Amino acid sequence: MSIDDLRSRNLAPRKLIRAPLLRRESIGQAYHVLTFDAPSDCRAVAGQFTMVRGAEWGDAPLLPRPMSYLTAGEAPSILIKVFGEGTVRMARAEPGEPFELLGPLGVPWRAPTEGRRQLLVGGGVGIAPLLFLARDLADAGQKPVVLYGGRGRYDLPMRHDLKGICELQVTTEDGSRGTKGRVTDVLGELLGGDTEVYTCGPDRMMAAVAKMCAERDVPCEASLETPMACGYGVCLGCPVPLTEGGYIYACTQGPCIDARRVDWTGDHAPTRVDTEATS
Amino acid sequence: MSIDDLRSRNLAPRKLIRAPLLRRESIGQAYHVLTFDAPSDCRAVAGQFTMVRGAEWGDAPLLPRPMSYLTAGEAPSILIKVFGEGTVRMARAEPGEPFELLGPLGVPWRAPTEGRRQLLVGGGVGIAPLLFLARDLADAGQKPVVLYGGRGRYDLPMRHDLKGICELQVTTEDGSRGTKGRVTDVLGELLGGDTEVYTCGPDRMMAAVAKMCAERDVPCEASLETPMACGYGVCLGCPVPLTEGGYIYACTQGPCIDARRVDWTGDHAPTRVDTEATS
Amino acid sequence: MSRESVTVGSLELRNAVLTASGTFGYALEYDDFFDVAELGGICTKGLSLHPRPGNPPERICETAAGMLNAIGLANVGVEAFCTDKLPLLRERGVTVIANIFASSVADFVTITKRLDAEAGVHAIELNVSCPNVAEGGIEFGKDKKMCAQVTAAVKGATKIPVWVKMSPEAAEIAAVGKACEDAGADALTAVNTIRGMAIDSQLSRVRLKNRTGGLSGPALKPIALRIVWDLVEAVSIPVIGIGGISTTRDAIEFLMAGATAVQVGTANFVDPCAASKIRAGIQEYCEQKNVTVRELIGSARR
Amino acid sequence: MSRESVTVGSLELRNAVLTASGTFGYALEYDDFFDVAELGGICTKGLSLHPRPGNPPERICETAAGMLNAIGLANVGVEAFCTDKLPLLRERGVTVIANIFASSVADFVTITKRLDAEAGVHAIELNVSCPNVAEGGIEFGKDKKMCAQVTAAVKGATKIPVWVKMSPEAAEIAAVGKACEDAGADALTAVNTIRGMAIDSQLSRVRLKNRTGGLSGPALKPIALRIVWDLVEAVSIPVIGIGGISTTRDAIEFLMAGATAVQVGTANFVDPCAASKIRAGIQEYCEQKNVTVRELIGSARR
């Protein structure tokens, strides 16, 4: 695979599949990787997402949950962080339990630019689509830089998976791993003229990253997080305000989008109080 | 244990316990015995019931399901027949899954009379409280007669458990086991002057049994089945019309009651179309 | 005042958690479970002038995250309540809210006077909003003039505080609430159930004998929360929130919306100790956050 | 007539399963999933005279067995619909019901005339009951005079059949339905959402930017079913049932209650093929029982 191959991929048609859980790996208390036994090859591309629901959930919780693909293929996987009822159920699921996955959905990461250095900036569970991208880049012979931040050492799931395939730099707010502080404390040094940035994580982090990139005229692509009901463009529940005015719909015109277009001062993702992470 | 011991038992206080499923035994497709790992001895008496709910069901299905005790003690058990959403979930539960059990509830079987011959008439899943009673009677040195009917051989769960402890007579509508026909086709011969009858099963069966007993002046105790919300007397959702006029509430004034008091022509239990049994 | 206590008009409640009428019997059914005197209060099953047998079965059925009931206000009648139940409740120190129901203003007044003659009734809750009886019931609740008339008449007959229970089916519920306030109500409770129905597709027939029944449980919560918010906006008397409260979080949401207290209903059927657990849960929450329950009230409005 | 077809006034539908406005986009989003022309019909997202951006986020949130939405009728406008969407739908042979919305009678008429100029609009559904916009919306839907006025005006402006979508918040919904029938409506659709709200107890704030949103999904089903029953009683034009239909059984319940057809809404979000599966499910049911869909209609009333 080369960067050109990454650029020329067609998006696969969307489909609702029924897939039993194949494996569940718990990482700390709050994070889990769920791998599904798909009936056929899932041709998702890095940055795309899937709407996930337990086939036996009944009437409540009602809606599927949007989750970025961590990997595609015959055993597609997601990385979840436990928040509310839906992710609690996912975190309890045992292999064999049937799930429904609608996907692949959404606009993937913009294809990398030949000759640029890719800098991937992630926070917590936002690492999922970035790890997918980092693997693609590694396959294409690149060695991206990944800047990965969390509140503490337990907020950095998948960091071991990143080690071989990128130049990894870690920050934690409590200093328990890597540099003490936030990704934005380190980002400045890394933003050279030939960089292009991909970011996914808490809204406030992405807003800060987007601002630093804009100031330095570095291209920055962000993956948006908003509540979603359908994931495929019909409910109009996922608007994200744009600087140019109006909205884009995160599920079909995102989640990956040029960060400069986003009005980061507008509320779109609910602020989430983190109760269950770390330990 | 003697019949006198059976007569003098006090009812235990009601309590909501959280108990993981210990074992689930499937009998045919439609029947399952669920055994729970109770935190302490469950002092339920034959004929009493418990309100059962999966602790992780969430908001739907909302209400607990009334189920007769099949056994009490440290590992209380129930026999379920799969109908709707609640019993479907119970039938899928794996050992370890937490349940909530409220009990012991309701009026148990009237204590047996010294010198009378106990005749237990059951249909399908209605065998649960009768098997409990048969075991008690066997322990007290009696050998009750059990008349057990179903549509076919697959509608007679627990019949093997009955063999040692009673004189078992089986009827099936399709003739696949025992006498071809219904329990009422055989009942007449068994109703001597010294008999007392205990019955549990489909409403129409109990109504027919009650009628035959009344005609012959044989005491007959029935265990009522009605929809219930609370199971302990506060919702007033479980009225059963009486011949004397008015209602009794099946959860606190039943489920076990003198069959002559019940107005069997009044609708109380929803007629259930049997979709899932037999196979 | 303790961290937990709240004030509903002239009545100080131990805490903000009550149980809803019709879902807690006469509160004497709980001896095995917990001491109901620990609650902010209990609302009795709706009392009528004479005992009522209630509707024929089936009276209840489950729906998605909720249930329908058409009990038809089966109850022992106000007289038996006063002689058989109330003395026991008084003895145990239970804060008793007598929920009452009648099909005429005159009967409402007669029941009230009977209750007024007893000690130990801390408030009277007017059920002008029951959807499950042929006469009266919801008709009062949808009409602001009739609601006001009943309220004023009852207020004139007793010194006991009077709460009026709102029907979610009133089209202009804020106006109904305001009319009750103007007629002297000490508090509003909201909401009662909304009429629904269920069909058994296998038998091709209506499930409940009464055809329709009142919808309660978590399914109702978002509607109840909206109505509570609107009532708090519209009136200056306390509003007590009811509808699908099953967890501490649910209760706190109603308080944050501006409810002065909450009532736990259908959740009692799932767990007889639900109200007790929610009470303890709120206490724990307030300790953790170092706030009083009174500070929580209306906090989402600020 | 096939076993599956039903007749709504002068319009024969392939089958009784449609999709509900606002839950199916413009039906062009389903190419990956199934051929939407197989459905009885599709109701477009509510169309207004001019394009609308809709409300600021958050617009949606989940509730017990349901969800709240306050989309604010974001839509491309009737003009863009006619030029960009309708030709494609026509080409594919889709039965199109144009759901329209305005804040004045005059605008309702203008939109209608624009649609009337196009081929391929099989019915116009008047959304007089949207709870999520400041002007108009639900105000029309609660008032029988205003409903009748809009209906009559729109009927006067087109030969296309006109369906009126009922608000479950109208206190006298049967009277509103009757008024619409008298004003010439060809069918009623029931129901739209009921206003609810949600609070985030961790942040102590209202979840939806619009504060309130419309409740949809299984939680709404018992209320919708009751209203459909009552409307069928009150009017002699067809009633189309909507509200929490997720399974074949749900759809059959509405038919048994007397609905001539059903619309699938929120269930589309859970499974894009929900309506197609329900259609197939009803067909299978009818084959097994050897009945036609028309025979199912109202069977629980008999």
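Letters are used for the chains, namely A, B, C and D, taken in the order the chains are written, and counting of residues starts over at 1 for each.
Convention: a residue touches a chain if its C-beta (ideal position, glycine included) is under 8 Å from a C-beta of that chain, and two chains touch if they have at least 3 such contacts.
Predicted model, so just to flag it, every value in this text is computed and none were measured.
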| item | value |
| --- | --- |
| Count of contact steps on the shortest path from subunit B to subunit C | 1 |
| Centroid-based (C-alpha) most distant chain relative to subunit C | A |
| Of A-D and A-C, whichever chain pair has more C-beta contact pairs | A-D |
| Between subunit A and subunit D, centroid-to-centroid distance (C-alpha), Å | 36 |
| Geometric centre distance via CA averages, subunit D-subunit B, whole Å | 46 |
| Averaged-CA centre spacing for the pair subunit B and subunit A, given as whole angstrom | 53 |
| Subunit D residues counted as touching two or more neighbouring chains | 64-66, 217-219 |
| Of all residues in subunit A, the ones touching two or more other chains | 59-61 |
| Overall pattern in which the protein chains touch one another (line/ring/star/complete/other) | complete |
| Subunit C to subunit D touching residues, read off their complex | 63-66, 68, 142, 169-171, 194-199, 201, 204-206, 211-212, 215, 217-223, 225-226, 229, 244, 249, 252-253, 256-257, 299-300 |
| Residue numbers on subunit A that touch subunit B, as the complex places them | 56, 58-61, 85, 89, 92, 94 |
| Of all residues in subunit B, those that touch subunit C in their complex | 13-16, 53, 59-64, 100, 102, 226-241, 246-247, 266-268, 270-271, 273, 275 |
| Residues of subunit B touching subunit D in the complex | 59-60 |
| Touching residues on subunit C, where the partner in the complex is subunit B | 22-25, 29, 32-33, 45, 53-54, 56-62, 64-67, 69, 71, 74, 200, 202-203, 207, 209, 217-219, 246, 266, 268-273 |
